[in-house]
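Going by the order they are written in, the chains are A, B, C and D; count residues from 1 in each one.
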Amino acid sequence: MGITGSLSRLLLVCLLLWPAMATAQVDDSEAQQLLTALAESSFAEKKDVVNRIAGSGDERARIWLEAFAANKLARIESTGQFVIVLSNRGRDWDVESATTGESLGEVSRRDIDTIRVNNSLRSELESILSVIDLKSPNEDSRLTAARALRGNVDDGLADQLPDLIEAETASDVRLALTEALAIYQVEEQGDRSAVAVLSGSLNSDARAALQNAARSDDPALAAAANKALESIEQKLKFNRAAETLYFGLSLGSVLVLAAIGLAITFGVMGVINMAHGELIMLGAYTTWGMQQLLPGQPGLALILSIPAGFLVAALAGIAIERTVIQHLKGRPLETLLATFGVSLILQQLVRTVISPLNRTVITPDWMSGSVMINEALSLTLNRMYVIGFALVVFAGLMLIMRKTRLGLEVRAVTQNRAMARSMGIKATKVDILTFGLGSGVAGLAGVALSQITNVGPNLGQNYIIDSFMVVVFGGVGNLWGTLLAGLSLGTINQLLEPWAGAVLAKILVLVFIILFIQKRPKGLFPQKGRAAEG
Amino acid sequence: MSIFEQLTDRDHVFEFLAPVQSPVDVRHGPILYLEDVSVSFDGFKAINNLNLTIDDGELRCIIGPNGAGKTTMMDIITGKTRPDTGSVWFGSRHNLLTMNEPDIATLGIGRKFQKPTVFEALTVFENLELAMAADKRIFPTLTAIMKAEYRDRIDEVLELIGLKDLRDRPAGILSHGQKQWLEIGMLLMQKPRLLLVDEPVAGMTEQEMERTAELLTSLAGKQSVVVVEHDMGFVRSIARQVTVLHQGSVLAEGTMDQVSNDPEVIKVYLGEDA
Amino acid sequence: MWLTRPLQERSTQVFLGVLFAALVVVSALHLFMPEDSALYVSSYTVTLLGKYLCYALLAVAVDLVWGYLGILSLGHGAFFALGGYAMGMYLMRQIGDRGVYGHPTLPDFMVFLNWQELPWYWHGFDMAWFAFIMVLLAPGLLALVFGFLAFRSRVTGVYLSIITQALTFALMLAFFRNEMGFGGNNGLTDFKDILGFDLRTDATRLGLFIATGIALAIGYVICRGIVTSKLGRVSVACRDAEARTRFLGYRVERVQLFVFVVSAMLAGVAGALYVPQVGIINPSEFSPLFSIEIVVWVALGGRATLYGAVIGAILVNYAKTVFTGIMPDAWLFALGGLFVLVTVFLPKGIAGLLQKRKKAETTEPTPAQEATA
Amino acid sequence: MSIKKHVKLGLSALALSVSLNSVAAEDPIKVGILHSLSGTMAISESTLKDTMLMLIEKQNAEGGILGRQLEPVVVDPASNWPLFAEKARELLAKEKVDVIFGNWTSVSRKSVLPVVEELNGLLFYPVQYEGEESSENVFYTGAAPNQQAIPAVDYLMNEIGVERWVLAGTDYVYPRTTNKILETYLKDAGVSADDIMINYTPFGHSNWQSIVSDIKKFGSAGKKTAVVSTINGDANVPFYRELANQGIDAADIPVVAFSVGEQELSGIDTGPLVGHLAAWNYFMSVDSDANYDFIDAWVEHTGKEDAVTNDPMEAHYIGFNMYVEAVKKAGTTDVEAVKDAIIGVAVPNLTGGYATMMPNHHITKPVLIGEIQDNGQFSVVWETPSTVAGDAWSDFLPGSKDLISDWRKPMTCGNFNVVTGSCGGKAEVASN
């Protein structure tokens, strides 16, 4: 258990007297001396210093400790003055005094000694702060604090918990606290009755406690723990299945996004666009560019880059169509080669113009982390957004193809170009629009991918083959096919991965597709009638 | 029938006792025999309970409005399309439904497409060479050498189809009519028992037509010929037996006069033409 | 006889003449010129040329299927690499106990990943004849199985191209796996000698260079023999009007299969000669990029003319050597531009330009037919 | 990097190649630089090329070596392994360079090795690698497993109290070997087999969902768990993203990476990664004047205020200075002489200590453990009390535990087998 007894006793003091002490403030010499101790002692000793600081009840303690935890607490070599680092990028850092809080402007890195912190200290600090938070009026912070306590309770705290639970109003906080206490009781005291409390819990610390208990030499306790674990395992099984399914869907939705644009350019227009991957890449870079333009507002930038990414990619696509593809009408294989050349050029362009290095695309807060369905099953948010996004995009395309004039004309042109022409449809215009649409969708895929994987020059390459597989597997010229193919391939892959391993799973999927194409050359949903011939 | 039945059936002729025969068995008359053939594409019945019999050495014309299923019928006979129901027999022992295009072709059914398809990259001569009846498996083809007799035979046909002086030009440069002829020539090289000729005179001049007519009539007797044609004049000029297809099944059958006086037929055609 | 027929052709005679002349000249300059003379050909250059010749043979193999059969294989790198691995395994076994661990049978990478004994598929590769048969057999079999499945179900055109790409991609992933026992990403390297000749001597290098030249000559004659035979004309027929060919009684899928397998074996040989000269074989040879690059060599040189493929391969790779020396960043621009320009403005490649002067050769596909291919 | 620059370089290189095969005594010392400037590895390697150019510039400004100027010869192996061998041959046979600095990936080194040995050149290899190699002609200035992996594990075991281990790596030889070594090491340290989870993924793996969730499960067994990551390059971003999203933070399950440096971090949103670890022999954040000077010079050379330095750059810095010293010591650039002279040469490293060239052609390095900070830098939380000497042959692999390497006369053997008492690699010895 992380927290030493001495610490917790100190904590109890400040816990119970917290409101009273909130205004207290030690004089600067003492503060200076505390911080010096923090700066100069070894990691082992730092723990006690931290406790002393926490115990000092100084209102700045929290600021110091947080800065310390974030690696922002430092001492200026020349003056020996303690500072809090505000920005730590580049060679000169922006700092303010730790004691007075006044800004000291920029100081050269050479002159700053950050006070080192490490993981164990950091987690220690967390629990300290969380214990403090148990008293906070804000329910959420109480909840997080309570949850953080599980597995971190020690004797001193344990004595206090019952009262806290008693006092607690919010049910879920109370539950968390009760579990925290139970875990302690099982672990430290081998208390069998407490096992019952945990038997339903899906929390990993609770499970850990039970597993340890199951190993204990007290047979009765072990038996009880095992029983509890079994019931937990039952719940877990279901959750894991759900999880795998979710993984499959999210991977699938990525594939769908990557492939759907291709389904239009390849499936509907019959154009093999090997530069499709690079159009995706452009979309991703647009997101990065947007975030550069709007520093500090990654979320807004992301939303804006949805239309932006679409436009950029669409324009690029149209440019490709005008300059290259239109000259190769009816020569799919040549188109394949030419567009492959385009893809090489685009990649190298990004390398030389922007950088060969990956670019950082920030995930906005509302997209990071995960929604907790229950303690064992939590769905990652960014993936969830991607799934939703994929479906929206798909629905949008369906609408365009089914309900709009463009869609009608597109279908007309693909069915019979000459006839469509004679009915006054401008085939060239349709080509441009269709290809623009397909490329634009690729751009959208890029925006989504920027939240999941690298934004770098090779981004496109990693998806092009998969995309083609999905389209071919789903049946060329059939959007539903693409959707189904993408989702099913994703799921298959995720089902295989646990026992086959990532590499083998991918290989197996590829081989499966190759064989499938042999059986059904036209994919899951083949185009019917004369249009499909030749 | 089961072995036992075979043994007890005194009329049964065991394979190994049967007399050696030409691959196509026409002792019982018809060389081509379609029975209750139906096929449909996404619900649309292209062929509907079609029954058709072609006798050995017969020259048969098949007419019918667009979409009557003429081409589909040929696809079925040549193995390109498989019918949903019905049976197709070549002679009395070859079930065509169990064979693929090459087998059927080697068995002796030649086909000329509606839209003339020749190998444009190859010379006229080479086109005929490829068509020539020969062992068409891989290694024989690889090691094949041009014997004098083959050359003579090809030149014969070149003479016949009047492309002698274009002998060594790529077929791509030929006119539409010439391509038609070349394709007919390729049919001849195949020495088929049965020729399926789809709109042979489309895009031909008057005298080209006449020559085609002569050619086809001259072929009849030695080989059986089935001609699908729109051009009534042409049909009248060659036809003895005419079959009228309508909506995938036989509407009328008989001599040209019988057929053209058939009220049904008139209705259909007037419905078409008027 | 189909193999001797090409030898009467003028184009083939010219080609062989040029090739052998080049071999002789290079060897002579390498052997008899003093090191410091401007005409001296260093062993570095000899190996470089040897590599180009390997690529040339590979390109010829691709042209055979693409140019004459209309099958655009984006996976020929796979056959090349398989041949290379077969040779690589032989060379590994030749090291014997001279590896850093001095293990009598196991290659080094197996020793330090503590494999206990040699995997079954490594047996026999210590015998040259076996290895050399595998050089043909490994790619041949893959092509046979893959082609059989694909052609039987009439997968052609773009679909075929895409799944050939998938094929080589899958193989790349597979060979990256260390469990496969082919050295994973590091591949096979640090070869000592071949057929008893020390790979580090200039003589051996020259020998390999000449061997490659001869292999190219033979390969060229074989391909030429096929395309000038009736079978060659049949394949062109399959390329331009598959259905028609069927109705003439040819089994299109078998023609395709045969030519495809021959081509794969040639690619394998090219790979086998490539490995001892560059001194390493690793999964990156399976990368789809490489396979597509091969196709562009052919496209640049001019399809359905074999010699065009040779020209293309040598030109592009020479350009690559120069570019990566002078302006590395520009290389991909150049390559990419090449793809676009050739396909858009030079559909018949360099050979096409040459033929503008002579009368047009007849086996050139026209764009219209390409659509059906 | 601008095309212009390369044109300039290229032209100079071209100019050189024109003046073929004629090297007199007073000609400049030719330094071959063999780093990919295009293709997938360009990301990492092109900066090393620039580092070398910077060092050479500086050395020339100080009057070169033995009064001779240094002249960089830059070639681009384009991330293509066979091309590495070819370019190495070009450098040695055609350009007649005196020394080569180059390579990043193991496979490229393996492909160059026979060439360098055949033509008896000198190669300085700056990247941490799997060991199991010691060539007379190669100097390994990067870390061997015992200079990175093992100390890192020690730190986790002793300082953090980790009992359960996930060894996750990209499926190629470096992670394979490192994990083999660690596995044995951990088992020797009494870790039971079911407390070790080993997982391999392909290059550029981007879908980490199930693996991360497995790690999560593996980590929730009540014992302190850590991930030892030998995941390579591009695969890291999605990996760390997934970790963050599935709510695994450094406090619960720390990840210690061997292939993630400042440069890789510059492509990642480090916010969620704070506290995860990396083990290197140098960090940009190291608080020493030598380092600050180096950074200033680098920023000035690249003209980018945010340019980062990393471990392989330091390796080149050390390797280059060692070469300079060795040539001065030998008084000539003759390969044999330099080979003898360089052993024992000690030069300052950037972390305030000294690096010495060992007889096995590896060098002594301090091992630092750093925690990722939100500014894309590492803060050093632990370091080995003294420097560690690189070990060519791991003591934890059955195949190599009996092997040692010593290139001093009279032994001059890269793989001397202390059991059989013979030089294992030599043909006449059949050891079995």
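Some notes on this structure:
Methods note: contacts are C-beta pairs under 8 Å (C-beta built on N, C-alpha and C of every residue); 3 or more make two chains touch, one makes a residue touch a chain.
What you see is a predicted model; the values in this text were computed from it and never measured.
Taking the mean of each chain's C-alpha atoms as its centre, the chain lying closest to the overall protein C-alpha centroid is C. For the interfaces C-D and A-C, the C-beta contact count is higher for C-D.
If you average the CA atoms of chain B and of chain D, the two centres end up 75 Å from each other. Note: centroid distance chain C to chain D, computed from Cα atoms, is 35 Å. Chain B and chain C have CA centres that are 44 Å apart. The multi-chain contact residues of chain D, meaning those touching 2 or more other chains, are 1, 3, 38, 42, 171, 200, 202.
In chain A, the residues that touch at least two other chains are 348, 351-352, 503, 506. Across the complex, chain A meets chain C through its residues 272, 324, 327-328, 330-338, 340-345, 347-349, 351-352, 465, 468-469, 472, 503-504, 506-507, 510-511, 513-515, 517-519, 521, 534. Across the interface of their complex, chain C is touched by residues 1, 3, 6-7, 10-11, 13-14, 17, 20-22, 37-38, 42, 75-78, 80-83, 85-87, 89-90, 93-94, 105-107, 110-111, 113-115, 118, 132-133, 171-173, 176-177, 180, 200, 202-203, 397-400, 403, 414-415, 417, 424-427, 429-432 of chain D. Interface residues of chain D, counted against chain A in their complex, comprise 1-3, 38, 40, 42-43, 46, 159-160, 171, 199-202, 204-207, 209-211, 213-214, 216, 219-223, 234, 237-238, 241-242, 244-247, 250-251, 254, 263, 266-269, 271-272, 274-275, 277, 287, 289, 292, 295-296, 299, 305-306, 371, 373-377, 379-382. Those residues of chain A lying in contact with chain D across their complex are 43, 70-71, 88-91, 109-110, 113-114, 116-120, 122-123, 126, 204-205, 207-209, 211-212, 243-244, 247, 250-251, 254, 348, 351-352, 356-363, 368-370, 378, 380-383, 452-456, 458, 462, 493-494, 497-498, 501-503, 506. Residues 35-36, 38, 40, 42-44, 47-48, 51, 97-104, 108-109, 111-114, 173, 176-178, 183-187, 189-191, 200, 278-280, 282, 284, 324-332 of chain C touch chain D in their complex.
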